[in-house]
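Alright, structures below, take your time with them.
What follows is a pair of complexes built around chain A, which joins chain B in one and chain C in the other.
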Partner chain A sequence: MSDTSVVAAAGATAAPPSERQQARRENWRLVRRRPAFIIGLVILLVWIVCALFGTSFVPYDPFETREIAYARPGGTYYFGTDQTGRDVFSRVVVGARDVLKIAPLAAFLGVLFGVILGMFMGYVGRWFDLVSGRVVEALLSLPTILIGLLAVTTLGKSNPVVIGVVAVLFTPIVAKTVRAAVMAERDLDYVTSAKLRGESTPFIMFREILPNIWGPIIVELTIRVGYAIFVISTLSFLGAGPPPPSPEWGAQVSQGYNDLAAGFWWTTLFPALAIASLVIAVNLIADSVQAALEA
Partner chain B sequence: MWRFLFKRLISSVVTLWLLASMLFLIVNVLPGNPGRKLLGPQAPQESVDQYNTKFGADRPLLEQYGKSMKRLAKLDFGDSYATGKSVVSVVRPALFRSGKLAVLALVITIPLAIFFGIYAARRQGKFADRAVVMTGLATSSIPEFVTAAVLMSVFCVTWKFGRVFATPPPGTSVISQFRYLIFPALAMVIIYFGYIARMTRAGVINALQADYSRTATMKGLSSGRVMRRHVLRNALAPTITVISVQVGYLFGSIIGVERVFNYQGIGSIILNAVGKKDIPLLQGSVLIIGIIYMLSTLLADLLIAFLNPRIRLEQS
Partner chain C sequence: MNTSVDLAALSVENLEVAYNVRGVDRAVLRGVSFSIAPGEAYGLVGESGCGKSTTAYAALRYLPRNGKITGGRVMLGNRDITAMSDDSLQEFRASEASMVYQDPAQAMNPSLRVGRQLIECFTLLGQSNEAARTSAVEALHRVRIADPESVLDRYPFQLSGGMQQRVVIAMALACNPKLLVLDEPTTGLDATVEAEVLDLVRTLRQESDAAVLLIAHNLGIIRSLCDRVGVMYAGRIVEEGPSHQVFDDPQHPYTVGLLRSLPRRGVRKTEQALATIPGTLPLIGTVLPTCVFVDRCPLADTTCQTVEPPVVPVGADGTRFTRCHYPHRISELAAVVPDIPIGVLAASPDNPQVLELSHVSKTFRQRGRAIPALVDIDLRLAEGETLGIVGESGSGKSTLAKTMLGVEVADAGGTLQRDGNAMAGATSARTSDDKRAMQMVFQNPDSALNRSWTVRRILLRAVAKLTGVTGSVANDRVELLAAQLRLTPRHLDLKPSQLSGGLKQRVAIARAFAGDPRIVVCDEPTSALDVSVQAAILNLLADLQADKRTSYVFITHDVAVVRYLADRIAVMYLGRIQEIGPTDDVFKGPHHPYTEALLSAVPSVDGEATKRIRLDGEIPSPSNPPSGCVFHPRCPRAIPGVCEVSEPPLAEVSPGHSMRCHIPIDELRRLQSETY
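Up next is the complex of A and B:
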């Protein structure tokens, strides 16, 4: 984080577009150079390729059952086979699809709701801020997984429900961050001058303030994608995910962990490591984005 | 101090009431028929009706809400649909078992994380610091059921150090209980280590850069004394907050760990309740976890106010 970038980033808020663009480019260059970012990106890209083209290069059909149940990992079946003789390697590769489809969407929706709520809380303030502040705190006071489990149980298990529930669970957390960012901006000169110009409140919120708080919002989005993977795979492990034949990773662990006692570790370990690697990758990227945007 | 405590208590009660209302909303958002859900589609209509009347599930929603809030004020969480026993009597022994696991996890995590947080802060920017931060970031982002599954595959299945079924049989001595509990506890240690270590590190770095630390060093205090008397007192406030927040989350994440290790705690109660659609039991156990969380954050706020007079005076 050199001094020039600090100056450039600080100047970006009020600077003309060309200078702001330059500052962004400078920040991006900083992000790109971090080894953590590169490692994270490579792992993420591998999983995206698996999700998009996995079905065409896996050695076996991930749903086809075989006579050889619980074959040990080796040359024929890289990660072994599971209780019905399905190839664990093929299932892990194809299983990337579900989580990579659901998690970013849930995170995006959560950030969208959170930005809208946080903007109103921070800018409109007063009683609205007071009331929603209390509700936000109550929502935050419970482990996400618990509320998620409760909501998915009562609303029914399906992808749209999981996406909606995770998005709603993320809303208060995002709103809190956005509210703080808005509070820091709302008494600055450019907001005051927009008010004096007679601009409407929505215009000031979304055309004046919003462009200036993109930094924390993008950071929040990358962090939320990581958490969404965390929450969605946990929910699916706890039985609130896609039903059994699905190769979704959390569901695979939940189908496999009962075999651990009998010594068949591979049906659990490989999908578990897949989840771990994806979550770590996304978090390495998020950490780098945060370090660069907040420089 | 008393005013601060009073204010803080009132706001806890308000939050708890909001929480209970939200739970009520989630549970009742769909027009459901608890008797039908529980007894299944083949059950005769009379027994379904009888069931609903017995648990008041056939009354208007607003009346049900009023009733459940009134009961809650008396700390009565109602009876389980499935067994008819009171929620508290079902939850208590399970909560005790989960508590044992959680305490073991915290007893290992807190000193370890604070030690590494301080260690990293004093070597800021060097390799050891990056290693602690990156390890913390990586381990705290992995879902706990994944960590638990990996620990179990490696240590309990392949090397047979720990137990696959972690619930100790009754009458097991404390020392042998340790062998049952250590790996599920470690799964939680791995998650919480990162959060607490990072928070400690940030707090210590802030305090080390503050004027009072510089003054203390300049007037000739030894670095150990500066650390103890000036830095840690100020640096640990955010750490205490994080620990108290994590105590609540610990009970959320314990569900996954308990399931992997077949441990009969609050998590398995909740999962069973989910499976049987036992709404009162589910609602009750989630609320009890909410109360534990409230108490732990309250305790943390008091502790911070005690350590830092500025907060104490500002609030009252």
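Up next is the complex of A and C:
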């Protein structure tokens, strides 16, 4: 009996935190000390600062053509200049804005749709689960990038379309996770009790069950943000992103990689590193969040 | 085998164990000492959290990763287990000690055949594959498995719980251990299966000279199996002695409280309330410099709070002791009546019927096969009455409850009536009055309460939904309900995880009573609780019933509890009511042969009954019930040529008492008096 302390301390007016809350708080404290979490957070914060205030501290206008194209990285141009003579460093810094605007929104929408779909699959079950389960599996078997590329080129290249397409691509994946969590809850007695007093199905799903599965949903959200960055960069690299002269990282890589063979590595390497660092940072944070919630 | 008789097989000396919880070592065992002679069985009893299991695991130095032995030692024969190297510890566990766990399904690898797992036990001891197979067959014979070869070829999930536990015991005995630790070996099993396993352990004890350490929360099991018993509280043995002496004449206030909170010797709610032990067990790691029981002891005074109690021998032969300052004042405890008087409603035949089921059946369908879970149930429940429903798992008790409540919908053809009016089968199709009238208390309070809601929200929602009132009126009602269930206002703003098991169950009961129900279905409401908490909950249920004239359908496997609380009892087997009648008639007999077996299977804390009926085999599958009387293949009194041919009707044998048996009642009376 680990939870009797409260009862034993009868007469106290303020409710002391339960063992579980204490354990969770303790876990957060341990997570905050993890080097992985700190590194991830620092990198993420750097990019957020770049996205918010980048335009005010970059050395050059990211769209302005300087006198030399393909200047090597050095003291004047930290990351060199690109094929039209624009400063790569300024473009990488400002380019953070696009991906940080689109990726979290796409991930959030994907998780939102996924939660709703997974909720119905897991709770209503039966034929709905059977039918949507097959559809979800069919969707999951398709190559994400290819479908995304197809959809964006068909529907038009714009941020809302990219967000919508990525969200829809993520929906089945999130739905599977949520479905499993709901199925573990739906046979618990508190749900039976809710039915016995005549609660409606939406009430049971979203008021009774949802608060108990926040843990896996939050973990899924952080993981999805990482994937969204990756997918969006890939899409723009393949030409489904914002058109030139946008400094979006995937677009920059795409504009620069033809010059790789000619030895101009910097126009590709720096935006590629930017993508990698952001994805890794978000994943480091996601891992830590998972560790904290699952402990 | 042990050559020295003087040397104890197991000797635990002043053992201290601590668990490291978030960086702090918290004491769990506070100096436990006891010893077990070869061939002796020693039992440890106490409420959950008192350190029984920790002691058992520490005896094999098998603690969880965060546990460590902080003092004392454990001697097996003349070897100190606490000082052993890891290699010799492994060697010792393989060849000299064995453990049987609570859940046999988890003790076996589900993906390997029984044979492979059992044979491995012997090859590990150095036998060749051929010899190991022969040994495995012998081992299964030893645990009374009739057809060892076929059991060896099966997977664990293809065996029933009782068979699984036999296999686990066979594995435990493979090395001819000097020490056998049994941790709640029958807790998950049905009463009739439990009786078989206990019989087996009893027989095996005579065949080997292993020392047995038995952990059980069921005092009856300890009494029936153990020579000596240690009563544990907060990591210390507070009383020890021969089991029959300790249980018949307890000498420590805790033992007295524990025994008194049990419904015993056929006592009924109309005769007396159950005693409870006020307060709760101290948390692990709490500093308890003097008597560990001081906070809850009715005899405690300043001496108890300042001076550690001595070990006081009881009797002259040196086999008993108690750890108390005032063993001579134990007799004063007899005068202490339960602090909360309970009102009790006596059943009367004049009370109106609130619930009536006629010809209710429930058939599940699985892969096109019909599985009849309930067959033609006729039941009546009067106002203010408690109907106990007993039977082994798979008998249809829970399906019956769910069908009454509309969670499962009865097959077409049966009718449900509440207060004389027909009621829809499904909850969702019922009127709000019908929903309000029938509520449920669940077995496991952890899953019955939404863990992310506060107690206040849980109760407010139930009040609002069932009675339609909202706002401050609803809030007043919640506070009134809480007060009736002896919850303080402070509890209302806590979440379930912050409450103890007993308090959670009170919240669940308060929720069931939110709309002043006519009928409350209680599904094993106390089986997850400790006995002292169980007593408080049973008192409360009886009290609420007297106050509100609520009817209870009380499902349980605990015959002592049902005898205490129920006015009438229905005995179910394979979806059918085999016997139904007033509690005294059902218990005193003549009873249905199945009831007879069920009652005699229960080990009593007051000593074994003289008559013993044991059932062979397992409950048949409901999808393929036996012909004629469904009980005939297991019935010790079956009449050949009659019972397997036709199913007997549920016929009245005395006013209000019916059973389903071909044997005439007078014949049953004669047969059942013979075995006394």
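Please note the rule applied: the second predicted complex is superposed on the first by the 269 of 295 C-alpha atoms of A that agree within 3 Å, B and C clash if a C-alpha of one lies under 4 Å from a C-alpha of the other, contacts with A are read in each partner's own complex, and residues count from 1 in each chain.
FYI, a residue touches a chain if its C-beta (ideal position, glycine included) is under 8 Å from a C-beta of that chain, and two chains touch if they have at least 3 such contacts.
Only a predicted model underlies this, so the values are computations on that prediction, with no experimental measurement involved.
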**Report entry** Partner chain in contact with A:283 - chain B first, chain C second, else both or neither
**Finding:** first
Requested in this report: Considering only touches as defined above, state whether A:139 meets chain B (first), chain C (second), both or neither.
Outcome: first
Query - Contacts of A:116 with chain B and chain C, given as first, second, both or neither - result: neither
Query - Partner chain in contact with A:153 - chain B first, chain C second, else both or neither - result: first
Query raised in the report: Which partner does A:161 reach: the first (chain B), the second (chain C), both, or neither?
Result: neither
Query raised in the report: So, does A:58 touch the first partner chain B, the second partner chain C, both, or neither?
Result: neither
Query - chain A: partner with more touched residues, chain B or chain C - result: B
Requested in this report: Go through the superposed model and pick first if A:237 touches only chain B, second if only chain C, both, or neither.
Outcome: first
Query raised in the report: After lining up the shared chain so the two structures overlap, which partner does A:39 touch, if you call chain B first and chain C second: first, second, both or neither?
Result: neither
Query raised in the report: Which positions of chain A touch chain C when the two form their complex?
Result: 1-8, 10, 12-13, 15, 18-20, 22-23, 26, 188-190, 192-193, 195-199, 208, 211-212
Query raised in the report: What part of chain B is in contact with chain A in the complex they form?
Result: 14-16, 18-19, 22-23, 26-27, 29-30, 32, 134, 137-138, 141-147, 149-150, 152-154, 156-158, 164-165, 248-249, 251-253, 255-256, 259-260, 270-271, 274-275, 277, 279, 282, 286, 289-290, 293-294, 297
**Report entry** List of chain C residues in touch with chain A within their complex
**Finding:** 22, 48-49, 279-284, 405-407, 427-428, 432, 435, 438-440, 442-444, 447-453, 461-462, 465-466, 488, 490, 493-495, 497-501, 503, 511, 515
Requested in this report: Flag every residue of chain A that touches chain B in the complex, lowest number first.
Outcome: 36, 134-135, 137-139, 141-147, 149-151, 153-155, 226, 230, 233-234, 237-240, 250, 253, 257, 260-261, 263, 265, 268-269, 272-273, 275-276, 279-280, 282-284, 287
